[in-house]
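So that you can tell them apart, the chains are marked A, B, C and D in the order they are listed, and the count of residues begins at 1 in each.
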Amino acid sequence: MRRVENLFLTFSILGSVIVFALLAPMAIIFFMTNPIQIGEALMDLEILNALLTTFTAAAMATFSALIFGTPLAYVLARKDFALKNLLESLMNVPLAIPHSVAGILVLLAYHSRSSIGEILSRIGIVVEDSFWGIVVAMLFVSAPIFISSARSGFSMVDETFEHVARTLGAGHFKTFFTVTLPLAFRSIVSGIIVTWARAVSEVGALLIVAPYPKSIALLVIERFEAFGLSAAIPITALLLLIGIIVVLTLNYISMR
Amino acid sequence: MKTVSSPLLVLKSVSKSWREFQIKDVNLEVRRGEYFVVMGPTGAGKTLLLQLIAGIHYPDSGKIILDDVDVTYLPPERRSIGYVPQNYALFPHMLVKDNIGYGLKIRGYSKNKVEEEVQEISVKLGINHLLERMVSTLSGGEQQRVALARALIIKPKILLLDEPLSALDPETREEIREYIKEIRKILKFTAIHVTHDFVEAVDLGDRMAVMFNGEILQVGEPIEIINNPRNELIASFTGAKNLFKGKVIARRGELAEIDLGGVRIYAATRKLGEVMVAIRPENIVILLEKARISARNILEGIIEEISEKPPYISLKVDAGLPFTVYLTRNALEDLNLTVGKRVYLAFKASAISVF
Amino acid sequence: MRRVENLFLTFSILGSVIVFALLAPMAIIFFMTNPIQIGEALMDLEILNALLTTFTAAAMATFSALIFGTPLAYVLARKDFALKNLLESLMNVPLAIPHSVAGILVLLAYHSRSSIGEILSRIGIVVEDSFWGIVVAMLFVSAPIFISSARSGFSMVDETFEHVARTLGAGHFKTFFTVTLPLAFRSIVSGIIVTWARAVSEVGALLIVAPYPKSIALLVIERFEAFGLSAAIPITALLLLIGIIVVLTLNYISMR
Amino acid sequence: MKTVSSPLLVLKSVSKSWREFQIKDVNLEVRRGEYFVVMGPTGAGKTLLLQLIAGIHYPDSGKIILDDVDVTYLPPERRSIGYVPQNYALFPHMLVKDNIGYGLKIRGYSKNKVEEEVQEISVKLGINHLLERMVSTLSGGEQQRVALARALIIKPKILLLDEPLSALDPETREEIREYIKEIRKILKFTAIHVTHDFVEAVDLGDRMAVMFNGEILQVGEPIEIINNPRNELIASFTGAKNLFKGKVIARRGELAEIDLGGVRIYAATRKLGEVMVAIRPENIVILLEKARISARNILEGIIEEISEKPPYISLKVDAGLPFTVYLTRNALEDLNLTVGKRVYLAFKASAISVF
């Protein structure tokens, strides 16, 4: 007779508590709504506008992280310099503070009468209650994620590939774009997805920096406060679906 | 005139320290068309030396002259050097043909031209059946060939090979060694080959340098270094291996008659052409008279030197070529062997390594 | 003459844009406040209460994640079963949805008139506007982080250690506690810290599930909305300091 | 009476498939006090076999009887088995002494008692100078000794060793092999030792089993298996190595006189006591008459068999012990060798491996 493995049995029972706690809320919502309601939510102009605002702002924040974070990540992966470690740690601080605190920090640094904000406003970027405010707040809380992901991606690319490419006549830039970047591609792509999802998920910093224009996360709160729990269900189900798609896409990328 | 006869590569007191590795005041000349082997143990700084020549690192001091141009601080892409690192570093995100064509594509050659040249070199190097393959599906030996093609297609001034055989199993190693000899005949490149294996140095090298702890201790033809190692360290590394270069001149079934430059021996091998022959000093028997013996090789010689090689006694015997023989003290006394005595060396055809 | 490495120069300049964007807001706040103000913030009874509430709730959420998530992580690391991959992906969904949506999901599943909430309320756990609500909301958004960290920690422990311990007479549980857990200790500890920090940082879900009792992240918003930006500065500086300590501690753990 | 004479471990048609490994219908008996070696190539399922005996996996079918108790589905902690995996798996978060004492501490022994026993076994195994060390500071050989102590302190019914020498460099390997023999004399344990190395099997094993593809093909004393391999596969794996067990009976300087059971030979070694001797078939010369030769060993024998062993001819010569000699066809014809002919085998004392 085969012995039951007590430990795995006990641990599975214990573990299923947290599995249940995490998955039950997601399962329940799909029993409380239906595809028609979700479809209707998609026809709601206010929802559509908020979605558009959020996704565009998140995309711009992610794009900024990509444009400036990728070179930074490469330098961090390839060069050693004094206090590099401290610098990397400090750049992760936005992930370790309350999101409302992140909002205060962003507003304080970038509002239109601050020294930086004044310069920004000259090129038309004002953060208070503006689309740009959403972008900057999202960037602050999500860029560290992108930088970590890209950096670890670059670290995994053997430098020898770059050495060979250069002896073959490719300059440093050409080598980066034809060899290094393609080899770190997967990490960059999953970095982009996670960063975008983190930007979309933000509430606290947006409440401080730019409650208007209405982003989707804030619209959920508004609907909930104005019309109660049931009014928020279709939009919640819609956003949950998007979240599930994001997570499964990431899983697919890491599996390949 | 001067340009043609000047050395292709000159290192002038090059020093560099990088991580735990060091190069100390290295002076070196590599001649045009030469296959130059740098031999030394792991950690001697051989890879760093290649990387300085390739421009991957810059020296702390000293000069590197390539083809009469000071390239000391030139970036790698402006040196025209072929570099085959130890792990080959084939680009895993490209097909074999795109790996080979990379250097030409980067130079802005048209797609057709690249394809044409890739085809041409692949035929020459016997790898055109691999062109459409993914890099990850190649065996070690195939990777090595592709890496060679990728480096050679740009017609580099010099080819740098970093322990090209060390990652391969013994059989493939021998195969690739022959392969390098073959393609050298076709493409006539100059090369620096770095290794810790003395056999490779003797087999492939026109000249060689022995490197220890970042310093070049001796430069010369392999046979010169075997016969006159400058110090004990070099001698211990080259070893007393009775290693000779020769040529198969006749065959009798499984048996090959090999000319080692005057001395002829028989060995059990199917090889043809130029070969390397090694006979371990423990496997040579000394006879005082010719006897009916199964050993195929009986050479007459004179004992030149008797020395201690604990736990053995080592004899140097001149039998047309310098042979080293290990005996026990016991045998030495029994046979009454002394310097100047005429003896017969016997060794079996099957106890000879041919490669 | 040594050639300047153009690429690293260009990339450093590009990268410094995002370094500046992330670090400037943190630096600026310390110019706008001083240790005395931060000290005064710590004497503010409302702030102290909110800190206490938040830290305790975050600690309880983290503790729950530890108690139930550790066994789960071990099972995930050691056993293969059907749909394991899907399960692991779905458990990360809370990280990929807007935090307000997470709040709606939690409230919907656990409010006192829901089927689960009814059972919970019998043992005294009501989530609406309660300390327990804060804990549950924090657990939902932070537990996935702990589970991932612990799971990767367990995966790195060679099973052979466990095999040897068992032949030496240790039962499966004893083996887990004397061998496996100590060897995965570092991952567990950094998991605890990151999970706790994530819990403290939450805003969106708390706004939905339990705006009262006041947690520190919400207090920041309240102060900001009631008294303006400058009123929020000392408390922001205080929380930023805590965030920096958390990040440096993590760095220290990963360095050892 | 029956209990004492019954085998310690019995496997009855045990089968198991796990990942890419398989055990197919294995029947095996290990006697009390015996050192049993399981030899087979990588992937033969040797580790899986040990893990089934240890209880780390349970068989798909079949029975495992240990000390007359059916332990087939007993968890490892209730079997009393010492297990030393290939990487030793010393607990890195404990000091050496805590590693060794782990099994006793888990049994609830008092701290003093544990310390005492750790001290005792460490003295016996010669590792008491290591007790306060961190595991990460140990060399491979030291790790192996500590792993042995940790497994032996619980006085297991049987000790399972998974390729205990494969992770060590050749010198340490030999040292640990001697060490295992030593501690076996002191602690008299029963062991199963898994290896892919025939030399280990012959040197250490009282009996051995040859395993291929999850099946046990032959069981017996090593010498039996060398002389009568049941099939070609086994023969090819054991090889014709002229491998003999012997005893050093006298010394003359560097030279040792070794008795191989009747036949006496001389070898250059400093070893004493029981040894293993190997003479490669390529290194034996055949003489038709006794000659003045430097080879220390000249044995008279009769050719028993002549067979092809491409590229050589293989002779079996009975010279008190069965010797295998490789020759070229040429030498065979030249010397006119035929079955039944009386010849002299000559081999140098320095060409013999002693271990």
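Keep in mind that, in the parts below, a contact is a pair of C-beta atoms (placed from the backbone, for glycine too) under 8 Å apart; a residue touches a chain by one contact, two chains touch by 3 or more.
Computed from a prediction, not measured in an experiment: that's the story for all the values here.
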>> Which chains sit in contact with both members of the pair subunit A and subunit D?
In response: B, C
>> Let me check something: if the centre of a chain is the mean of its CA atoms, which chain is farthest from subunit A?
In response: D
>> Just the number, please: Cα centre separation of subunit A and subunit B in whole Å.
In response: 55
> Distance-wise, how many Å sit between the C-alpha centres of subunit B and subunit D, to the nearest whole number?
Replying inline: 38
> Rounded to the nearest whole Å, what is the centre-to-centre distance of subunit A and subunit C, using the mean of the C-alpha atoms as each centre?
Replying inline: 16
> Do you know which subunit B residues sit against two or more other chains?
Replying inline: 75
> Residues of subunit C that touch two or more other chains: which are they?
Replying inline: 172
>> Under the stated contact criterion, what part of subunit A meets subunit C in this complex?
In response: 5-8, 10-12, 14-19, 21-26, 28-29, 32, 64-65, 67-69, 71-76, 78-79, 85-101, 104-111, 114, 116, 136, 139-140, 143-144, 147, 172-173, 176, 194, 197-198, 200-204, 207-208, 216-218, 220-221, 224, 229, 232-233, 235-236, 239-240, 242-244, 246-248, 250-251, 255
> Touching subunit D in the complex: which residues of subunit B?
Replying inline: 252-255, 266, 268-270, 282-283, 285-289, 291-296, 310-312, 325-332, 334-335, 337, 346, 348-351
>> Considering only the defined contacts, which subunit B positions touch subunit A in the complex?
In response: 51, 54-56, 75-77, 79-83, 85, 87, 89, 91-93, 102-103, 106-107, 150-151, 154, 156
> In their shared complex, at which residues does subunit C touch subunit D?
Replying inline: 158, 160-161, 163-172, 174, 178-179, 182-183, 185
